[in-house]
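Across the two complexes that follow, chain A remains constant while its partner is chain B and subsequently chain C.
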Partner chain A sequence: MTENPAIPVRDKPQPIPASGWIAPLIVLAYVIAAAGVWLGFWADGWGDITGDMWAAPSSDHWLGTNRLGQDILSRAVAATATAFEIGLLVAVASSVMGGLLGAVAGHYNGSRLDELILWLKGTIDAIPFYLFVVAIAFALQGHAMAMHLAMIVAFWTTTARIVRAETMRIGQTGFIQAARAGGSTPARIIVRHVLPNLVHVLLVQATLVFVAAIKAEVVLSFLGIGVQDSISWGLMLAEAGQDIMAGQYMNFMVASLALFGLVMAGSLLADHMQDRLDPRSRHRRTTSLTRRQHQP
Partner chain B sequence: MSFARTACATIAALLFLAACEHSGTEGETPTVYRHAIDGMPASLDPAHAANIYSATLVVNLYDTLFRYRYLSRPYELTPNLARGMPDVSEDGHVWTIHLRDNARFADDPAFPGGRGRAVTAGDVVYSLGRHFNPSTRSQGAWLWRGKIAGLEDWMEAGADPDQPIAGLRAVDDRTLVIELTEPYPQLAHTLAMALAAVVPREAVEHYGREFGVRPVGSGPFQLEQLDESRAVLERNPHFDRGPLDLTAEGYDPQRHDQLGLQALDGKNYPFIDRLEIHFITEPTARWSSFIAGEVDNVMVPPEQSGRVLASTHPVSFQPDIERDYHTLAEPEAGFVLYGFNMANEAIGHHPDEEIDRANRALRCAMRQAFDWQERNDTFYQGLGQVFPGVIPPFLDAFDPTLDDRSTAHAPRQARRLLDAHDWSPETLPRLTYGLESSVHQRQMFEQFRARMAAAGIPNEQLRRRAFANFGDFSRAIAGGELDLFLIGWTMAWPDALYALQLFYGPNAAPGANSFNYSNPEFDRLFEHAARLDDSDERTALYRRLNEMVIDDCVHIGSLSRTRLHLWPRHVLMLPDREMLGGYFLRFVGIEAAP
Partner chain C sequence: MRLRIELLRFILRKLTAALPLLFGVTLVSFTLTVHFGPDPVHALSGKNPTTADLAALRRELGQDQPFWIRYAGYLRRLATLDLGHTETTGEKVRDLVARTVPVSALLLGPGFVLGTGLALLLAMFAAWHRGSRLDRLITGASVAGMSLSFVIIIIALQAVFGVWLGWFPVRGWEVTGPASYLAHVTIPTLAFVLASIGYNTRFFRAMLVNAMNAGHVRTARAYGAGPVCIMFRHVLRGCLLPIVTRVVYSVPALVISGSLLIESHFSIPGIGRVTYHAMLSGDQPVIMAVVGLSAVVFAVTATVADLLCRLADPRIRLA
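The block that comes next holds the complex of A and B.
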């Protein structure tokens, strides 16, 4: 069977493979861990000294303690909440910002406004990310939200670029032309017609930004310019640098695995969502499968 | 004719032998000692040598009038550039110091013909005077401000080095006379500090602002290379202090027999051709460099002490470490302490007596809530010594019988004290805790906060403020931006007055009194003690001042750390990381390979 790629074809719902459930389940586990911290169910005493220095795993401390005698599991779980707070805030804010500015630029493509937004994106992208964060942290005099702000400002550009291209593509379609002919204002076209058709793009992009923000937060915290009054896997890894010299590896392993698990699951989830939500992706996948089936 | 042939042959043979000998010397491998320190000096100008990193280099590139004996503990002054100890008039106002006549500055383009000249008393006058020239931006002027007659007048008149200073005169090239406004027994100690190193005016004027990286001194070494990773110093060929006299330097067979220093006794120093000083800030990297043989010493990071020590009480090293290295466990000449900013009325001095008493109770409660022994065990392998007050154990004025309740961990008493003065989470002030941005400092903050929380001071009341480097941190303290901070105080001379000046009112921030402690009675007794020579009366006064600081709960402390040093067996030395001991590098010897 062959298809005409110009004609949209509604795919039959593909069954989700077993591996497709693993990533959401892992992410769900992290969500539950973070929610428990936010609701005060567990890990609120991550800073308390409750054991001996570098105590081995026990019934009191399932993953042992760190140099100060703090419970490593509590710190890792509390750090999950930190990661989610930053990941969600940056993902939502940069998606909203990138979505709106990208849609405006795409709708008015070729205009002064479009040029201004493109110039802004180009300028921000030209600044090395970590240097940018340090500069903002310095400008905000070490404010607790400096890192968040820097990430939002740095991450919206990619979303805006994708949304702008999609908006330009959608702008050529009949229903947008019809809306224009019907006298809809640009704001109404963007809000009512363009953005709802880009939800899948924004969702996938937000997931990718969520993962990128968590990775960046861990790196920045490791370097000492990340979270200020909280706990992070990056801080745990920085502490682990000293622990390893003393032959203590638990802090390192727990923080590394926690980060690895969430980043891996988040990336797989983003891929999965891309496959499920993007019609073109579905089409590419179907075409690819068809071609493979047709190969001798 | 035969005589002429014989003479020619003899001369030719002598020239050949001389050439052979010369080439033999050139072929020898220079002896090199590679020393690692944990920071880089910002400047090698003695006027800026106020920290351990600058001082370590400066005292070996330059000369000071006095220095500390290599091996004596407690530290003892001994003449260096001076020919002997100073002659002090009966009233203590006039000091006469005679200089040795064989000291010469190293050859340098700053001098006519590039050849260094003799060091004179005029150079000492110039070197001390330039601290009072605003363009020098000296970090050491406070040592002599108000002490030397006429110095302030000279400064106000424009600090012209060609104009005489009434109380600082070179009577001749070898005789220096210092007239003091009041007795200042610590003057000799100040003249052993890197800040008092003698510089030649020609070099200061020749290099201008570059003088900080182009040192020209009369010390045992001269600078060959300086970059961000290391300084390379070569032996100064003009340096001549005669042979090392181990006995005069305080050699004690019981303490020093294992170090192999006897092989150096009676030989002219320095014993090495080249001294490399590597700046390695990360403890892990420093340790790795030492294990890889890239440097010849290491101060063992606390994380590694478990690997090198067989026991901590008493300190003993693992047999394989003892076999492969020289080892040393020595208490630091200094201490660490937490300080409160007494200028903040929310926790410090307050004009309302009742509030002032409540503030004092809060400070005392925080002191009781903190656990110094835990800090010692966690970060210093339990090797440090916790002591009350600010007179550390290595000083004669230390009082071993002093009540140590001020360093005891007593969270319940802390709670009771808070309750008694109506302190509750609602009324407690929010305090800014300053720290340098590092893993250790952050962990120390968390430990501190956890101990406060256990005594009823919620985490939210302690706001952490991190600084990228020590300079920014120091500026924040000096600016009164922090309410609570952890600082280390390294003694620049072995006298309790150097520690007690931390609380002297006129030294308030940006001076040494970072705590902004203000107590007229303390100041009066301090000034009296500063005029006294070493005596029982002075010791009693020092102890009284120490108790006043403890009673007013101005600080939480203190702890003197113990340093663990390792160095290879072929290196003959007694390393010393203290401000007082940076001179040891001139006495390092390298044992020839068997």
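The block that comes next holds the complex of A and C.
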């Protein structure tokens, strides 16, 4: 029997594919690299000049040195910690903000409060992200946390949209109506009944925001309005843009591979989490990766 | 006749609904770039100004007015395109924008069209052969493409075509005719297509696969319609709304980041490089104009695209 593409095909339940194990393991390796930096085990000398300009890989400098003679491996590992700091901060803060505002909007859907939250979301979505960062950096006169603040304010909207829709769906179900009939306050219903049922949505979305924040950091640091007084893959790539004109590719290869690996593993992890954690995912129209995300 | 009146009322209502959005984006851009922006009074006053001098200058600039009056003044200046002069060269911001936006449009237009078009074709191909090895290859490659940062793509293209092969100029914008235009636009176009094709293909494929499940598509196939006819006439029409919305909403993320990155890195005199320099030097009139105008233009575009989609789709009631 030939398969007819125009006839709906029911997805069969599938075992976890190989990539389902690889992605979490890769992310774990990055976590260990970052944790080692925080605990001071390695890479604390990323700013020290320890070798010659553009030295080739050797036992002292496994991946060579940059223009100033700094160790590229140390810099890439230290940048992993920077990426995690930004990614985790933005993911947690925007998930809390998006989760609460989305749940409130969904619970009171159609009310003035819902309209206000939707208006805020629409406004922020309509301002181009990079110009928003520029404007916030401008208003805060170049404060080091301007980028973080801008990302949190810009990235909660997708989470809020999804949480709002899910809250409205859950609100129709019996147990929420029972809780309401039993006299629970709206705050209690949201915190005790709605949000715990949306943990899987928030987890997947937080992972996607984590990835988006790291990608955005690279672009902003490359442009010179991102990370200050530290090291990041974006700053390494900014150096690399100069290095390649001199025929030196090490900085570029290391920084882009490190970035690509974490972003790819993070995206795949989010996708698998969506499949595994959401009981209804097989009937979903879209997977997590097809959602409209900020695309740096 | 009655239908036409209903249509008109529908359009009017849609445009009215866009007003709060316009209010929002202008309010945010005013608050961030003008209200909290650096105080120009000290830069404008002469040496050793007295308090009275400063107060007089503030009054002259209208800074002693309450917030809402100043906001209204900002709106009036945006609407009349009276945007002041740049702080670096003293050129009128309006002229600067008018001079640089066409360069950016020429630079990024081909990449935007090609990136969207190629992604749509790839997605149709993958959706038609859903579940096959080719489909898995396309889907896998698009996830990899999504993970490539725009920055990586730009540096890699610069290394390959600019440094190794030397086929295309990677710096500047000396366009005198079609040949030099093609030479200069190739690398930005490649960069743009590579940066956008992953996201687009994956999203389009998901939408197409969903639309292919509709009954009328099966009927068309049973009658023997070919793949091209089915895909364009029956499937694509079934999922036009999310696709158009997606393409429109990818403009601020992709086009603006693209013009900032490509133009600043390759020294191309478009609006992106102007913004980049203004942002590094803190040139308030330019930042105010770029943030304000782009937010307004985008809010209007999104509303019009939404309107067109609904008009194209007869299932959506006008009332």
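The rule we apply is simple: the second predicted complex is superposed on the first by the 266 of 296 C-alpha atoms of A that agree within 3 Å, B and C clash if a C-alpha of one lies under 4 Å from a C-alpha of the other, contacts with A are read in each partner's own complex, and residues count from 1 in each chain.
The working rule: a contact is a pair of C-beta atoms (placed from the backbone, for glycine too) under 8 Å apart; a residue touches a chain by one contact, two chains touch by 3 or more.
Here the structure is a predicted model, which means the values were calculated and not measured.
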For this session: For A:38, decide between first (touching chain B), second (touching chain C), both and neither.
Result: neither
Problem set entry | Which superposed partner A:215 touches (first chain B, second chain C, both, neither) | second
Exercise. Regarding the shared-chain residue A:21, is it in contact with chain B (first), chain C (second), both, or neither?
Worked result: neither
For this session: Answer with first, second, both or neither: which of chain B and chain C does A:47 touch in the superposed model?
Result: first
For this session: Using the superposition on chain A described above, determine whether A:241 touches chain B (first), chain C (second), both, or neither.
Result: both
Problem set entry | Partner chain in contact with A:67 - chain B first, chain C second, else both or neither | first
For this session: Name the chain, either chain B or chain C, that contacts more residues of chain A.
Result: C
Exercise. Does the superposition put A:224 against chain B (first), chain C (second), both, or neither?
Worked result: both
Problem set entry | Residues of chain A that lie at the interface with chain B and also at the interface with chain C | 224-225, 241, 245, 247
For this session: Would you mind writing out the residues of chain B in touch with chain A in their complex?
Result: 283-284, 287, 301, 303-304, 306-307, 377-378, 437-440, 442-443, 446-447, 449-451, 453-454, 459, 463-466
Exercise. For chain A, which residues count as touching chain B in their complex?
Worked result: 47-49, 53, 67-68, 70, 142, 224-225, 228-229, 235, 238-239, 241-243, 245-247
For this session: Please give the residue numbers of chain C that touch chain A in the complex, ascending.
Result: 20-21, 24-25, 27-29, 31-33, 36-38, 127-131, 143-144, 146-152, 154-156, 158-159, 163, 195-196, 199, 202-203, 206-207, 210, 212-213, 217-218, 220-221, 230, 246, 249-250, 252-254, 256-257, 260-261, 264-265, 275-276, 279-280, 282, 284, 287, 290-291, 294-295, 298-299, 302
Problem set entry | Interfacial residue positions of chain A with respect to chain C in the complex | 3-9, 119-120, 122-132, 134-141, 215, 218-219, 222-225, 234, 237, 240-241, 244-245, 247, 249, 252, 256, 259-260, 263-264, 267-268, 271, 285-287, 289-290, 292, 294-296
